[in-house]
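Quick one: the structure is below, and I'll ask about it shortly.
In this document, chain identifiers A, B, C and D correspond to the written order of the chains, with residue numbering beginning at 1 in each.
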Amino acid sequence: MMEQLPALQVVLPLFSALLCLLIRNKTASRLFSVAVSWGCLAIALILLRTVQETGIISYHFGGWFPPLGIEYRIDLLNAYVLIIVAMISAVVLPFGVGHWGLSIPEGREYLFFCAFLLCISGLLGITITGDAFNVFVFLEITSLSSYALIAMGRNRRALRAAFTYLVMGTVGGTFILIGIGMMYLETGTLNMVDIANRLPLAYGSRTVLVAFAFLTVGVGIKLAVFPLHHWLPNAYSYAPATVSAFLAATATKVSYYVLVRVIFTLFGAAYIFETLRFHVLLIPLSLLAMFIGSTVAIYQTNIKRLLAYSSISQIGYMTLGLSFASINGLTGGLVHLFNHALMKGGLFLVLASVMHSIASNEIDDMRGLGRKMPFTMAAFVLGGLSLIGVPGTVGFISKWYLVVAALEKGWYPIAVLILLSSFLAVIYIWRVVEIFFFREPAAEKSIKEAPLSMLIPTWILIGGTLFFGLQTEWTAGVAGSVANFLLGGLP
Amino acid sequence: MQWLGLWHYWAVIILMMIGLYIVIARDNLVKKVMGLSIFQVSVIMFYVSTGKVEGGTAPIIPEGGHDLVYSNPLPHVLMLTAIVVGISTTALALALIVRIQEAYGTVEDDELNAIDGAAL
Amino acid sequence: MDGWRSWFCGKLSSWGPPLTPDQLIALSILSPAVGALAIALIGRNNDAGYNPRDIVTVIATLITFGFVVKLAGPVVAGDRPELSLFEVLPGLAIAFKIEPLGMLFALVASGLWIPTSIYSFGYMRGHHERHQTRFFVCFAIAISAALGIAFARNLLTLFLFYELLTFSTYPLVTHAGSGKAVKAGRSYLGILIFTSVSFLLLAIVWTWQTTGTLEFRPGGIVSGHFESSRAILLLALFVFGTGKAALMPFHRWLPAAMVAPTPVSALLHAVAVVKAGVFTVLKIIVYVFGIEFLTDGNYALWLCYVAGFTLIAASLVALTKDNLKARLAYSTISQLSYIVLGAALATKTSIVGGGMHIVMHAAGKITLFFCAGAIMVASHKTEISDMKGIGRQMPFTMFAFFIASLSIIGLPPLGGAWSKWYLILGALDAQQFLMVGVLIVSSLLNIAYLLPIVVNAFFFPTTEVEIGGGIKEAPIACVASLLVTAFSCLILFLYPDFFLNLAQMIGEF
Amino acid sequence: MREKIILRVVSKAFIPFIFLFALYIQFHGDFGPGGGFQAGVVFAAGIILYGVIFGLDTMRLAVPERLMEYGIVLGLILYGGVGIVSLISGANFLDYDVLNAHDPTHGQHLGILLVELGVGITVTCAMTTIFYALAGRGEK
């Protein structure tokens, strides 16, 4: 069975999603999806170990050998991203087991879990596949299920948010499709390794250029790179709380993975950064994202929107790391992928607990909440510190690599800007921390600490931000060898 | 006149722009979805047209005929999936529009904005 | 090593349970943290009467101090115990190694924690403060962070605990929860984080990127990698990045932090936090730049002037302040610059002076703050002009205030005399006669802003109508602690050997 | 549209042929153009035509909503089941060769037939469900 794991990684959640439709009972479908997500995590862990021990795994479907058939190709990079997706889903799905509350629409629980599992399988599929067209298919599976998930939010604005996301997402997805088509025209293959081998022959061609443009813009929309981020704040704010946590921690991460794949595997860093000088575009955009995202976050009154804008700025860090095209920079970007998943997942879970307790996301309603829900809010503070990049948290590690990368290139102003932008994070985090802890509660309502089934998943992620802030061998270590591998060095 | 030789690209691009324009410029959500569909169809046309080989036939091997030129079937197969994706997207979009209509009583974007307030 | 010293060192290290030095390092940093946890768990919402958390606090202070003292023995004897934890980044670990300067700072911070805790019980009760459990928890964490800074083996570890110290003291500054406190907390956190993230971290990464190491080493690590303007820039980033050293223009947080309850001002903003700042500056100058490197290139000359300016300017500002705590705050800023100046002069003697001043100023300033707090608890007075004649109602407090003032001014027979002595010697060594002048002028200014308070208190009749009315001495816990710290100023003059030894060993890693 | 007699009669006559054609596309997909997708859509078109002409309630009697929802799943499970069977038989996912122990080509035939059947069922049911979902909204 071991050699079938790559297929199972995707097939397991995919078919479990269908089974959820058959089960229909809300508790049963919930427990079932939790079990499935844990199974996915186990598979992902085994795959990472296998890749580390034996190198690249190649799996082909239906007896068609690559490059003709569809190939699942797992190297360090996707194994690493698989872990992120599987881990977050394994933590988010059990969140609040035993409580039905507000985050899951009543009467449609099984549909919720079905969409959730579909989304997981889509994300895992994008990550694992070695076939360019397959990326598109899984991308659409992810997108469709996430539109549905977002639309399940309680506020009617969730519907509009989902619709906007749908329009933007479809345009993005279609752009990716065009890009893939162009590459197919130029190389006659859809297998990524094959494309990568053949593209250098066509570097002069305009088709390749256009293909790259379409792919980047398409992925950029999905990734919410500044100025293509329009859909993200509303989608995250109005989605059901656990969905925000899951999407914030995984969806953009997987899009980032696709971008890295496109740039470093398909087109090759030398072509993108030396011939096209892509960083000339990407670095200013990343910096703008960092500053504008954070600045807008400062003025939000809805805490989920605040975190959503913070996500936009954090995505700026990731793309910045990528655009250095150096080992340290890419390590920084990739490690931030993991780190940001941990902290944003944790923070959104905190908000889900808060939502459960006070049924509001407005910062004003959370006055003095630190005293009523000390453990939950302490988790928020720690997650916030991590966003700021305080040493001892994961945020520091990412920032460290980015600054080192900037200095290494001699781009001192960028190093300074990276640090300054973390100061903006201090402002938007501390503004709400003050309100949580140093304001008197509005009215004496009986607000209780969140139940254990919510606290444990939250603290797993938040604890992770602390643990991996000190023990970086599994995050920065792996990210470092991925960066080495992508930039052509030895893994 | 080389640029005219690739006339199917022109068709694709014009369709695509029409679609995008509708998505951007129309306020009615249903029309937006229509634009989106046109946009997607343009890409499907693009793929299908690239699979065409001069004088090629459907890639089904008749008995005895080995020297025939076939069109490239792969883009067609891919588009099968893309069509399904398109249908799903449209269906989902329409479902959302129905629910927006129920929740807001309108499907015009500017009216929706007015209802939700400028704070969006 | 003479006889009594080896006997003393032996005594220091042999008492108590047998533990290896690396265990001791871990224990001394952990015990305040564990104490914090225990306080959090045991603490009740009873802020007025008996509360078991008080006992836990005292036990934690004693145990921590015990561990630090037990470590002092081997350090004085020449050992440099170390402990390495995780490797955070390749070649960069969270690691501790104790050298004399760190030992000095650790002894001061953990030692003064004991009287401060006892003082706090009296003060917090007397002042009817709320959320006392949170107060003691954060206090203990702050001490843990201070010890981490003291023992850090590399810049990364130091930075980690530096930031931990900032964040753990924030709730203490905003303790009152009033609008004013929250606003002060903002500028406190804002300035400290801004400087540390924008400058200090940048300097650290730059150093790492250029030299490939962040370890503290005798003789420094940057020589050979940085020169001329780049060295000056790096030094500026480091020194201004250490916002806790309150060098102008990044000093505003310190007066702002005075909204905190007085024990916080006393221990943290006269001892642990600010001393962590100047300690960091000293440590960076001695172990990252290296004294020779700085004097050879004359890179630190500008810092002398900045420190000298801060020294005089802050004293002048202090003269204008009528609020006692504000005056003490500016006095602290000025006194911190003595230490920075000692570092910037970069001679062996001036470094000794700087190190000694960490101890001497701590003992003096904590007493002054204790007195200010005691006056506040007993009479609810905060303005100096209202304190006329208060010496008659609170003789012990004001006597202690007098002793401590003399120590800050630097008059024998009090501890402050030693550090000033060495600082002036250091300035002479460096042939910075202007700085000698600055030091002398500032001593005069010290007299001008401290002694009038005492004179007011003892020799002027009170202006209040109800003479001898409500005002009595502060609670016994307060008075006892402030007398102990005042007495320690005297002791430090008579027996400075131990700290002097440590200070003279600075640079021997 | 209950009064439109022509529509009713004509569509009644047409619907069986639509179904038949769908089945043809479904099972001839092996040898010519066609397959599950197309067949499913045509089949669903027949059902939806019935619904449009005779009303939702009548349609619900003929093809219950719940049945259609299960149909989506069952079709896909049939598809996936083929994959799982090939997994269990020791080959890779969706490797049809192992489905028939004697002749890989027969295995291929069987495999594609089952998979396409699954697709056909799913598409039919999905289309019908979408119709229900959109058309049924107004009644609630």
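Remarks
Simple rule for what comes next: a residue touches a chain if its C-beta (ideal position, glycine included) is under 8 Å from a C-beta of that chain, and two chains touch if they have at least 3 such contacts.
What you are looking at is a predicted structure, and each value in this text was computed from that prediction instead of being measured.
The innermost chain, defined by the distance from its C-alpha mean to the mean of all protein C-alpha atoms, is A. Between A-D and B-D, more C-beta contact pairs join the chains of A-D. Computed centre separation for the pair chain C/chain D is 79 angstrom, with centres defined by C-alpha atoms. If each chain is reduced to the centroid of its CA atoms, chain A and chain D end up 36 Å from each other. Chain centres here are Cα means. That of chain B falls 69 Å from that of chain C. Per-chain CA centroids place chain B at a distance of 24 Å from chain D.
Shown for chain A are the residues in touch with two or more other chains, of which there are none. Multi-chain contact residues of chain D (touching two or more other chains): none found.
Touching two or more other chains at once is no residue of chain B.
Which chains touch which is summed up as A-B, A-C, A-D, B-D.
Across the complex, chain D is touched by residues 58, 60, 80, 83-84, 91, 94-95, 98, 102 of chain B. Those residues of chain A whose C-beta lies close enough to touch chain B in the complex are 133, 136-137, 140, 144, 147-148, 151, 156-157, 159-160, 162-163, 166-167, 170-171, 173-174, 177-178, 181, 184-185, 190, 234. On the side of chain D, the complex with chain B involves touching residues 31-33, 37, 130, 133-134, 137. Taken together, the chain A residues at the contact with chain C in this complex read 385, 388-392, 397, 399-400, 403-404, 407-408, 415-416, 419-420, 422-423, 426-427, 430, 434, 437-440, 469-473, 476-477, 480. Within the complex formed with chain D, the chain A residues making contact are 4, 7, 11, 14-15, 18-19, 21-22, 59-63.
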